[in-house]
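The same chain A turns up in both complexes below, where it pairs with chain B and then with chain C.
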Partner chain A sequence: MNRGELVPRRRWPAWFDVRGRHVSGWAFILNRLTGLGLVLYLIIHLWVLRLLTQGEARWNAFIALAKTPPFLVLDTILFFGIIYHALNGIRLTLVGLGIGVSAHKRMFWVLMGIGLVLFVLSTWGLWTMTK
Partner chain B sequence: MTEQRTVQFRVFRYKQGRERPWYDTFDVTVTPRTTVLEALQFIRRVHDPSLMLRHSCHHASCGTCGMRINGQERLACITRVHDIAGERVTVEPLANLPIIGDLVVDMKAFYAKFTPMAMPLIRHSEFLPEAEPPEGVDTYTRLENCIECGLCVSVCPVAASDPLYLGPAALAAAWRVVQEPRGQNVPEILAQVDTAHGCWRCHIAMECSAVCPSHVDPGAAIMALRGTLIRQHLPWRRKQQGGDAHEPR
Partner chain C sequence: MSRQPWLEDAPPAYRGGDRWWLVQAITGILLLVLLAVHLIANHFIVEGGLRTYQDVVAYLSHPFVFVWEIVFLIVVTVHAALGVRSILLDLGPSPRVERIINGVLTLLAAAAISYGIWLSWVIRSQG
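Our next item is the complex of A and B:
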């Protein structure tokens, strides 16, 4: 017997414990993370929009910066967050209203399939049209 | 010859008065048929008699040996060590319930929410000849098979963050009463679950249904409660009923 390994103090919320989780549990965690990310994005977005009040030159300078690869990577992550949160939100709304409860996992995978197509198309558009 | 192997059991330990819990590790020789509960009983018998755990029936009827095995909520009595991947098995008490000691949690809070749902324990319909499923119905779904193990409460991410949440077991029991009241006061039960900490608090992670060893499907029950309440709250339904069926809180 080996004694004494202290249980580590938890450093994240209990809902984020991913051990042994099933697909619906992962969907829940990802929904929360993308939700938090989108709230953060909204705040940054509104903060950036204030540049519009500071003249054309400042706004154009920001747009030029927003077309650089590091920003496009952030936009790609944003697309993922928006698409995932929206599609999973549709599933949660339907299931929450009692529609398709027994098929919620199938619904998840179908919507994620649609989401993957949307994500690939939007990312392709983002990286090609901003050149 | 029975295939034997040695597995390391990393067991959560906590004694009241100690500041922090810790893990003890034990080597246990297991066969393909050894269950986690048997391994823990062996540890208790041979290595450390102070190890606290709950168990009774050894066949998934009593619901007392619920715990987290490698992070997943399971009944230890029906979980074979061989079915768990890896050479190390981490055993921890159920989450979202106060720990009394080691693997034993205090179920008082669980029953305090479960009991008011007044789920009758006696099954009238089962095994009766007149309970033959009618044409078009494959089989009856057993609705009263919750063994009150607490796995659903342990796995629920909402129960982890809202101690007032009624929880999947109590809500499933409520839906069971709504479906087959047997003299229970359905409006009263619906009023109990129609609260911010009742069925509306669920975030549809559906982990409760995934881990339930009795296939109660609490997630679906919660959604069914919501459906019933939404229909009741529709303005034209209220009018028909001459007001609400219960006073929402």
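Our next item is the complex of A and C:
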């Protein structure tokens, strides 16, 4: 008996299989990668906020560190993750509810255009306001 | 499973085969507002982009702000836990492993929310 026919192939998540994907497939993969990144950020963010229970000096030392270029680069990556995940999430929700199904690829590119504007504006704001 | 056949690239857990999908979508929509307000209030309108210690304490002392941030914490944690869950379910766990995944994620989410509420309460009490 061929064991391969009985055991489902579950070696790797389906969403990570890049073969023969279209734009919606790549969009879905990126949605999950940004989602995982945002979960990691959420954990770090909650953990760092504990410094607020350790007094004024600890927190103010941290915010001075958080305004240095390496942290701003991480913030820039964070902005990309938030904006992409939010805008693609809007599309996934609408399409999942059966709204705009036939236009979902066009919707993706329109939302990505909006996302690009938001990303440029927020990144510009980040790097200028923390100077 | 055939509720959303147009999502041909999405894995089974996403294609309407999971009752938690709607909760994920609703919390996602709520986050658009909650996160936007959180970012604007805590960073974008703050000089230098980050609140000082005294500023954070004063900010969280406002009852409406406190409640808003707690609601944000709960919604973002639920959304995050469900997102991790759907990724793990794509690995095709057995029903037993799926129950373990559900249990562990529920505990982690409850711990994160409890910790966040405690932290916010301690911070605002320092005012």
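What we mean here is this: the second predicted complex is superposed on the first by the 116 of 131 C-alpha atoms of A that agree within 3 Å, B and C clash if a C-alpha of one lies under 4 Å from a C-alpha of the other, contacts with A are read in each partner's own complex, and residues count from 1 in each chain.
Quick note on the criterion: contacts are C-beta pairs under 8 Å (C-beta built on N, C-alpha and C of every residue); 3 or more make two chains touch, one makes a residue touch a chain.
Being a predicted model, the structure only gives us computed values, none of them experimental.
Contacts of A:F28 after superposition on the shared chain: both chain B and chain C are touched. When the two structures are aligned on the shared chain, A:L36 is found in touch with chain C, with no touch to chain B. Shared-chain residue A:G96: touches chain B and chain C both. Among chain B and chain C, the chain that touches a larger number of residues in chain A is C.
When the two complexes are overlaid on their common chain A, residue A:L49 makes contact with chain C while staying clear of chain B. 13-15, 21-22, 24-25, 28, 92, 95-98, 101, 104 are the residues of chain A that lie in the contact sets of both chain B and chain C, per the superposition on chain A. Note for the complex: chain B touches chain A at residues 10, 12, 20-26, 47-48, 68, 70-73, 95-96, 155, 157-158, 160-161, 203-207, 210-211, 219-220, 223-224, 226-227, 230. Partner chain B is touched in their complex by these residues of chain A: 1-7, 9, 13-15, 17, 19-22, 24-25, 27-29, 92, 95-98, 101-102, 104.
Against chain C, in their complex, chain A makes its touches with residues 8, 10, 13-15, 21-22, 24-25, 28, 32, 35-36, 38-39, 42-43, 46, 49-50, 52-53, 55-56, 59-60, 63, 66-67, 82, 86, 89-90, 92-93, 95-98, 101, 104, 125-126, 129-130.
Chain C contributes residues 4, 6-7, 9-11, 14, 16, 21, 25, 28-29, 31-32, 35, 44, 47-54, 56-57, 76-77, 80, 83-84, 87, 90-92, 112, 115-116, 119, 122-123, 126 to its touches with chain A in the complex.
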